[in-house]
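Next come two complexes, and both contain chain A; in the first it sits with chain B, in the second with chain C.
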Partner chain A sequence: MKNEKNNIRDFLYDEPGPKAKRRIIFWTIVSLVPIAFLLYRMTVRFQENGQLAPQYWSFFLKYTTWRFIGQGLLGTLEAALTAGAIAFVIGFLLMRGRISRSGILRKISAALIEFTRGVPTLLFIYFFFLVVPQTGLKLPSLLRIALPVAISAVGVVAEVFRSGVNAVPKGQTEAALSLGMRNRHVFYKVIFPQAFRYVIPSLISEIVIVVKDTTFAYVINFPDLMQNAKVLISNYDAMLPVYLIVSVIYILINFLINQLARAVR
Partner chain B sequence: MNSEHKSGAETPVIELRTVNKYFGTHHVLKDVSLSVRQGEVVVIIGPSGSGKSTLCRTINRLETISSGEILIEGQPMPAEGKELAQVRSRIGMVFQSFNLFLHRTILDNVTMAPMDVLHIKRKDAEEEALKLLRQVGIEDQARKVPAQLSGGQQQRAAIARALAMHPKAILFDEPTSALDPEMIQEVLDVMTSLAKSGMTMVIVTHEMNFARNVADRIIFMNDGAILEEGAPDEFFAHPKTERAREFLASFRNEQKESEL
Partner chain C sequence: MNIGELLSQYGGKYAIALLTTWKLTAVSFALALALGVLITAMRVSPIRPLRIIAGLYVQIFRNIPGVALLIFLVYALPYLNLIFSYQTCVLTATTLIPASFCSEYLMSGMNMIDKGQIEAARALGMRFTHVLRKVVIPQALRNSVLPLTNLLVATMLTTSLASQVPMNPMELTGLVSHINTHSVGGIMAFVISAALYCATAILIGQIGSLIDRKVRIVR
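The block that comes next holds the complex of A and B.
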């Protein structure tokens, strides 16, 4: 069915006429030329510098290499899932605080949200890596990466949740109240389930950021994908192949997250 | 009239005593007093902006009042908490924009409050819900979500949802104003049969024929105050105030135009 508008382009543009179609083909070709040229030049340069030589690639045929990458992948997933779970719980609580009836609670939550959104992740990493141990508190290495990554995400998660809650029509609350439901029940049974559906796309973006932030694990020697990649590079002196493969794995992870989100919806 | 000697003298289900409300400096309800007896159907009409919706919404405290008193079954309306929720659970409300819970099926919409507030078991609540949906003629829509229903069906579902709490009275806040013309009648039919079954109703509407047929009493509001009050035949035939005559004339013109 062509007349069903479900592609974003259908909302942005008219159906193209014959002139527009020709123009689209022309610009497609024009933009493909430099991309093809760049790819070609890159390959040539790598070839000239010997980066494509078999010795830099052959270790990918070994089972141990992939086991090592797999271990790194597990480390990344472990860190991302832990950080994501912490960020969701604390983000939810901060959102509750931010929309609380108590002015003090609102102000404190707003301040925490601004703070966690404003400070770079690396700073939190250093804080948990260098400052926290000085207090004598010894955190397991998983938490040393997951906590700072989570904290730098909670502010955004809180605001995303809040935007969802604000998007639920006021009539939903009124209807639930008029039936005699208590405020807390109205929130958990009527408002939040709807708000959550509205914000799934934004939450996915935030999960992707969390996954990417776990690459800071190399700072504290937590064995994630990035850290293990560095080890491989120093063992085989093969920067290009390792970074290339690892990038593809990160892209795959985030692609899978997106697919999962689509399935949930 | 001496109510003490009247057998069955009862406290009104809803009573408003000199209620005033301000939105900022805007005086939206002016000394409004109103009492609704058990089984009575009171229809509030008046030009838009006259405060009739606001009046309707103050009765279950979706709008607060600035001064005056609201009594439900003789008891002052609680200001908050469990007590307020308890009173609200006995006063149903039907909204202009239906306000069905968009994320749940029609059946869930009807069972949610009975299960949550009255702690009725799911099985019993669903049985009752299906009976009510049959009563309003949409039992075959029970498993759909609101967005799959027409406006008229949604509003009938909303009425079933209100009925599921076995309310003492139901407030209707312009229940047909958001509907396409051909769907208005199906909702009015449900409301008419409710009225005949003895339900206590307060209805804000622009449907004059319906008002005339169903109302026990018409309230005419203008500029935040009750200007006229009386039996429908009397009111529609001989409005006492100039403002009411103007208001009714505008409707008659509209009707004539649509007949041409």
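The block that comes next holds the complex of A and C.
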């Protein structure tokens, strides 16, 4: 598709002629009006409610503010990487179970995958936050956020791995077996390395979900970006600016991760 | 608490919570679908500002964490004198986010359409909006039943955000935290909610593949 027309828009309409061009310019201007109006209204709203006052924004010029945000980001990173690593390992094991030759193992793995995919992350977080302490088990706060986030990701990770394994042509297994390789060997030396390469983009996209889920860290007081944002808010009494900036930071991070996934693909 | 005590004390609340989750999910998904179609139409339109706005929309809402959006709507917007009920805020968050994913799925569903069909429609003299309405969008929808099914499940999971604000009636996640803060619900309180979520997800999956088998365009 590289050299052909590959954008759907190329099929929906041709290069516009002079008349169509005029029409497009007309509608472009018409569509700009409500957009401009909306932007204007928003600015006025900020103004009217005093949210543009320098006291709400000037602290973003301070080094300490950004250091604190940076610390929060490190917390987010720590939680996301820990959760990602756990999800990676358990997801891999679940995938192994899901394609194993033992029927019972397959069923258990399939059930676990369905379970983790059908339950919201917040519920797992409440489980680790409210239910686990009732059993007397005290987990460090990093694990109290990383474990539930990881658990809610393992189902997807397992299925992603499985789709990769399925994408490797069957002939390869047969070829490897006919060379006298053992099943284990076939899987780890032939199938999985290729499967892994297929699924790298999907795994990267899954990191976005993990990063998003770590925002629930404030439920358990783990110092991630969201939690640090709350501290900033109480320090400077600037709810709107802080949440706005923090949201933009999250959007940018996830956008970059998605771009990375696309570049790898 | 064992399951008997829990159900006798909270059984009714679980039923209401399940219905609330279903209702939130259904409303959000219907709105998200409509918004997703609109955004997708804007993304392929010849009018540049619309494309830019729609593209921006998708990038913002597929990348923003749900809580960040919800907290923004609930706690930050009042500083602009924009005050909405908790329910409205939750529904807004659980609609805006799935709508962006919906548009992504529709875009890839669109790219699956045989380009000859679009050319044929245009050769018949159909206009852009006509081609979109009669040829492209219906097929894009039919092509993306399975991703949209997954999106419906994802929307259901997103509605658990409602537990972060005081909502009445509570949905399934909020109820678990409610039970565990008012009495020692133990693991069972969690298991019941989880089971109800899972059952719903499986049901959605089954119905989705049924619809997919009916409407998918076989090539």
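The rule is simple: the second predicted complex is superposed on the first by the 218 of 265 C-alpha atoms of A that agree within 3 Å, B and C clash if a C-alpha of one lies under 4 Å from a C-alpha of the other, contacts with A are read in each partner's own complex, and residues count from 1 in each chain.
Here, contacts are C-beta pairs under 8 Å (C-beta built on N, C-alpha and C of every residue); 3 or more make two chains touch, one makes a residue touch a chain.
Please read all numbers here as calculations on a predicted model, not as lab measurements.
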Touching partner for A:176 - first (chain B), second (chain C), both, neither: first
First (chain B), second (chain C), both or neither touched by A:193: first
Chain A: partner with more touched residues, chain B or chain C: C
First (chain B), second (chain C), both or neither touched by A:126: second
Partner chain(s) touched by A:161 [first = chain B, second = chain C, both, neither]: neither
Partner chain(s) touched by A:185 [first = chain B, second = chain C, both, neither]: first
Touching residues on chain C, where the partner in the complex is chain A: 44, 46-50, 53, 59-60, 62-69, 71-72, 75-77, 79-82, 107, 110-111, 113, 115, 118-119, 122, 128, 131-132, 136, 153, 156-161, 163-164, 172-173, 176-177, 180-181, 184-187, 189-190, 193-194, 197-198, 200-202
Residues of chain B that touch chain A when the two form their complex: 60, 62, 82, 85-93, 95, 97-103, 112-113, 116-117, 158, 161-162, 165
Chain A to chain B touching residues, read off their complex: 169, 171-172, 174-182, 185, 189-190, 193-194, 197
Sites on chain A touched by chain C in the complex: 8-9, 11-13, 16, 20, 24, 27-28, 31-32, 35, 45-46, 48-49, 51, 114-115, 117-123, 126-127, 130-131, 134, 208, 211-213, 215-216, 218, 226, 239-240, 243-244, 246-247, 250-255, 258
